[in-house]
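What follows is chain A paired twice: with chain B in the first complex and chain C in the second.
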Partner chain A sequence: MKKYYLGIDLGSTTSKAVIVNETDEIVGRGITNTRANYKVAADIAREQAIYDARFNLIEKKMKESIADMPEFKTYMKDLRSVFQYCQFRRRMDSLADMLIKTASESTHPEKDTIVERLRAIIAVIRPQMRHEFIHEGLGSKNQFFRDIVSEKYNSEVGKMEPKFYEPLMLAFDKSITPIENEMVEYNFKDLVLEAMDILEEKYKGLADMQEDGSKEDWYYSEMNAMKNQYKKIGHTLHSHIEEIADEEIYIAKMVGTGYGRALLPFPEDCIKSEILCHAFGAHAVFPNTRTVLDIGGQDTKAIQVDKYGLVTSFHMNDRCAAGCGRYLGYIADEFGLSLNELGPEANKAKKETTICSTCTVFAGAEIKELLHNGEQKPDILAGLHKSIVQRAMSLIARSGGVKNEFTFTGGVARNEAVLKYVKQMVIDSYGEVTMNIHTDSIFMGALGGAMFARRNISADLPQGTMVRETGGEVS
Partner chain B sequence: MGNTIYTMGIDVGGSYVKTVLMSYDKESGQHRLIDKQTEKIRKRDPKDVAHDSIDMILERNNLNYEKDIAYLASTGEGEMVDKKTGHFYSMTTHARGGIFLTPGARTVVDMGGLYVRAIKIDERGKVLDYKMTGQCASGSGQFIENISRYLGLAVEEVGDISMQADNPEVPSGICAVLAETDVINMVSKGASTPNIIKGINISIAQRVVKLLSSLKAESPISLMGGMGMNKGMIQAIEEVASENKKSDIKFQSHPDAIFSGAIGAALWGGYRYHVLKEKSGQELVAS
Partner chain C sequence: MAPQDVIKERSMILQKEMIEGLFNDLEKAHETGKKVCYTFVPGNLSELIRTFDMLPVYPEINALQSAMRKKSAAYIKEAERHAHSEDVCTYVKCDVGMLMKGNIGPTGQKLPPPDILLLSYTGCFTFMKWFETLKREYPNAEVVMIHTPYQEGGKMTPEMINYMVKQMHEEVIPKMERVSGVKYDENKLKKILEFSKEAEDWITKIFETPKHKPSPIDAYFAGVYYIGPINIGFRGTPEAVEYYKELYSEIQERIRLGLGPVTPEGEMKEEKFRLVVEGPPNWTSFREFWKIFYDMGAVIVASSYTKVGGVYDLGWRHDPEKPLQSLAEYCMNCYTNLNIPQRIDLLTKCIEEYQADGYVTNSIKSCNSFSAGQLAMMREIEDKLEIPVGFIESDLVDPRYFSYSNIKNRLESYFQMLSQRKMMEAEEAH
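And then the complex of A and B:
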């Protein structure tokens, strides 16, 4: 039996899971947002990683078909997105019930009208989300349940009478947390088959698009190919799915790391510090790395490693969240942007507005004032991004400076404006050094954990649900 | 009612816009609070919120702005309010509003959305000295708001819930943002909502008490601003103060504490109006 190794990085904002095989190759990744229940976050991340591994295995089996026919690739991409929708829909059902329940139990004098408004909102946002998942690839946009729903919900609440604004927002705040902290069990095979049915619906409807006269020929030629092929692809897939769904992803060992690690029911031997894991993961991907900068949700770490990937020195922020991912989250919220839009928006700047406040919350208030004084959004954002990097640079300086090669990891490394300033400032202060930025930067901690699991963790796995796959036959 | 003039005060804060309508009776020399309004800013433009609240109050009281309002005084971030007659510095408005609501106060603490200011005053409300928290939101109302939002509570519920605590969990994080993660941990360890809220109140109270002792604040101390309406917060401040052997200090508050700035502004506005009137010899606006 093939052995797999699991690393779970429970960050303050997101929980990441990585599964590696016996040669340290990443076979699956999972990510979810961290909320009140670390155990659930860990379970969801692990489950996502296992699903991802199954999809990767299916794609591996279909390698030749995929190489020959691009339709296969499109189909698989669509299938993953719709698969996510199938999971999403179950959560959405629970949330809708919870919202109605919360509102019905409130003491608000206009309770009935609020419930009525809620039903109207749900009726609008449900098909919206379904459409975006199935036709616009929402599943591939790295957004979590809460983000997707709250964005749509808030926008609908904004259209309601102002007097219902607070009660409707409160109903959401009260309902979302319990739903997020609830572990929903899925069966991989059922979900994939359901997703395939939905896809069939999508592709069947393609006939109408043909006569649309649109200029985007490439799109329609691909879709037309899809229309002719989807049944065949579906048929080919079926046998692979049967096989992979029944295959046991045997997690031989695991390591937990990150902010929430101490709260998990893992044996002590299965827990490693996130500084060790980040450095180890980054070093594994880039073996010549000597300096690692990791900017996560609520901490920024500058780590120096030796040639074995072991930590020789580090510095991190404490006492204050300024300069971390949460800072960006706050700011995004203040501007009404999603996190993914921040970097591109900041890069449109013509200058950098100086932000005086260090504190995340105060900076949020300062922004309102700057906007009011006529400062441009991109310029303010550029100033904020620059200040984040300046803070990171001072941590790097205290930890011993940048040595060749430099690796930037953590969720914030996905932000292109931060990246731009990091490159600029590292070169300004330390000259030309090799800089590594990996698309998987957010998974480095989990990867390090999984690699530690494969190497030197001798403890047995904890008994219980952590190692068992939900919905499967494995016990 | 020919002897009555009306003034309005508007206090634009970090999270709420507070508006009051006050009257002054020339014969008796009495000021009265006629109407009040709070509006949460959330993501709206504070300026629009301010103008809406002014209009709402005028409409409710059947008053005409041009004809009936002698003075519209702004404070806080209220300089943006176009209709205002004049703007007053929030230190003086909270001091004045503080003694209007709680006569005899020697220190007024404005506990608002972003800052906590402790203001030492004389018996007439003149500012003698002040101290404020400046660089960090860990003592702010925003802190409580974030946590209560996370816990799914309405801000108005927070005070009563805090009073039910039996074993408060004080967050170790000093930062308002990091403390949110602390709270997530507490929830995951099974701490009760009252204990979490009380813990947050204590951590803010510790900052307030520290501020008060560095100011050498004199008793009685009036707790004003949005957090002054939070009974749980007042209880926490009293507890922290008595733990610090400052039990001789008398704390007081008022159900309208959130309006202290707006009330102070309206009163100062009325005063300014009188001064102007005396200088120019104009008649009072009759209504």
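And then the complex of A and C:
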């Protein structure tokens, strides 16, 4: 039997899981937002990684067809998205029930009307989401259940009478957490087959040409090809799916890391510091890495590693989460933006407003004051991003500076404004060094964990070849 | 607190008796007519104080004892209520707060006010401000300051020694005579210094025992208890000599039995890591702090903190034949008065001779004196010895500045890093 190894990185905002095979090759990845219940978050991330692994295995089997025929590629991409939708829909059903239940049990004088409004909202957002998953690839946008639903829900609530605003929001807040904390295990095969049925519907309905000439599905040549091919692709897939779905993904060992690692129900020797895991993961992907900067939700770490990927020294932020991902979340709330919008907004700045406080508690007041003084939102945001990076740079300096090559990991590496300042400041202080920023930087800790798991922690270090995952690194 | 709860060895009982005796004497100072001298640990002139039959009070020691008894938070708050800034050394605020709340010392007995404030200035400017504050509170106290030249050039010159001896003749001794009503008696001082020298020989031998593997003691967490008597005024006494002799023979017995250090939870079973630590410990969570180390099998084989009261490793001793000169040399030779290269040399020597696996710095938020240069020292040691270094941050006696999870996270990562290193080294040796 093939053996796989799992790394789980339980961060304060997201939980990541990575599965590697016996040659350290990544076979699956899963991510979920971390809820109060770390155990559930870890389980969900692991399940996601296993599904991802199965898809990857299927794709591996069909490598040639996928490479030669674009329609296969499109089909697989669609299939993943719709597969996610099928999971999503189950969760959505539970949420709908819970919302109705919560509202019905409330003591609000107009609770019947509220329930009625709720039903109306659900009736609107359900097909919206279905459409986005099936036709617009929502599944590939890295968004979590809570974010997708709440965005749509909030916008519908906004259209209702103002007096229902409070009770409707309350019903949502009360219902979402228990649903998120519910661990639902799906049958992979059932779900894939269900997804294939949905796809069949989609492709069957493809028009040759939209009547109004708008850019719809027909626009893509692959889609056009799909129109006549999907049955054949489906057929080819079936046998692979049967085989892979029945294959046991045997997790021989696992290692937990991250902020919440102590809460994982793992034996002590399967818990490893995130500093070591991040460094090991980053080094595996970029074997020449000597300095790693990891900005996560709760902490920032500057790490120096040797040629084996082992940590030689590190520095972390002081007690509070000032200047970490949490701080960005707080700033986003303060400006009424989503986390994803922060970076682009900051990059619109014409100048950087000087920000004195990277303290989560004081920043809010400072922002209000600056807005009051007429400072522009993008300029303030740019200042905030810059100050975060400045803090990170002082940690790097304390840990011994940037050595060639430099790798930036952690969730915050997704923020383009942070990225811009990191590049700028590293070059300013340390000259031209090779900078690695992987699109999967958020998974580095989990990858390192999985790799440690494969080594059974105490065995065969250092090891030889690391398989570099294909994927869009930006350097 | 700490090791005492576990096994009461004779040395611990001796120490307890000594300290209780001192606080009893302090409580009765008014009745017995004994004069009281407040002074600091680094470069303390306790032999001189003793020559004049005065009783010493060490504000830093009171502060750290208050912290261990969980009283420092309230004292600090009290001081801050009286407009003492948040960033000031927390020993100072703890002391000032204690004073404002009735000056009840660590044993629960009231401390007498000072008759004299003796400031031996050794490297920390805060000392001066601290005693300025105390002078305002105790306007009747005499203030005497002995200025200790910093060893910037890395050595003590005859001029520096003369400069200090001159201050003693012209300033310190006359004022102490006046306050105590006792005439300076050099022969008495010489006799006291005999005992100092002897105690110093013993304590050096004690702090050399961690060269054994496994180390029989923890030279930081238990070490702070061992330096108690020599730091708080017993240096020139036969009791101190007796205490250290006893302690030494107890440790010899541990070595004979192949035992590791005693921790608050009993014997440490396996010595996994040997470390050298720089910087004072955190006192408010002393036990939790220590526990992180012993749970991981980490023993501190040497520390700079246990040298703040005097650096004896390099062979320096009080010399009864040159009493005032040797007091001067003692002040200049204390750890906080050494320049950075000297400190690095000292630590390097410890790491090498005690065969440490790692070097950890505990940087104290409110102590500028220790923190300045610490990072540079760490870097240099890391480069020179290629030894894994760790860095944590806490505070002396302000519980607000001790984040257990943050420190634990860092130390855990550090220990995991050390074990990886060890594994690799073992592999390479194959």
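Worth pointing out:
Throughout what follows, the second predicted complex is superposed on the first by the 419 of 475 C-alpha atoms of A that agree within 3 Å, B and C clash if a C-alpha of one lies under 4 Å from a C-alpha of the other, contacts with A are read in each partner's own complex, and residues count from 1 in each chain.
By our rule, a contact is a pair of C-beta atoms (placed from the backbone, for glycine too) under 8 Å apart; a residue touches a chain by one contact, two chains touch by 3 or more.
Note that the coordinates shown come from a computational prediction; the quantities given were computed from them, not determined experimentally.
When both complexes are overlaid on chain A, the residue A:K189 reaches neither chain B nor chain C. After overlaying the two complexes on the shared chain, residue contacts for A:G400 are found with chain C alone; chain B is out of touch. Contacts of A:E369 after superposition: chain B is touched, whereas chain C is not reached.
Which of chain B and chain C touches more residues of chain A: that partner is B.
In the superposition on chain A, the residues of chain A touched by chain B in one structure and by chain C in the other are 319. Interface residues of chain C facing chain A in the complex, by the touch rule stated above, are 375, 379, 382, 388-391, 393, 401, 403, 406, 409-410, 412-414, 416-417, 420-421, 423-424, 427. Within the complex formed with chain B, the residues of chain A that make contact are 12, 34-39, 165-166, 169-170, 173-177, 259-260, 263, 298, 319-321, 326-327, 330, 336, 357-362, 365, 368-369, 372.
Of all residues in chain B, those touching chain A in their complex are 14, 40, 42-43, 46-47, 77, 80, 114, 135-137, 140, 142-143, 149-152, 154, 173-178, 181, 184-185, 187-189. Remark: chain A residues 272-276, 299, 308, 310-316, 318-319, 398, 400, 458, 461-462 touch chain C in the complex.
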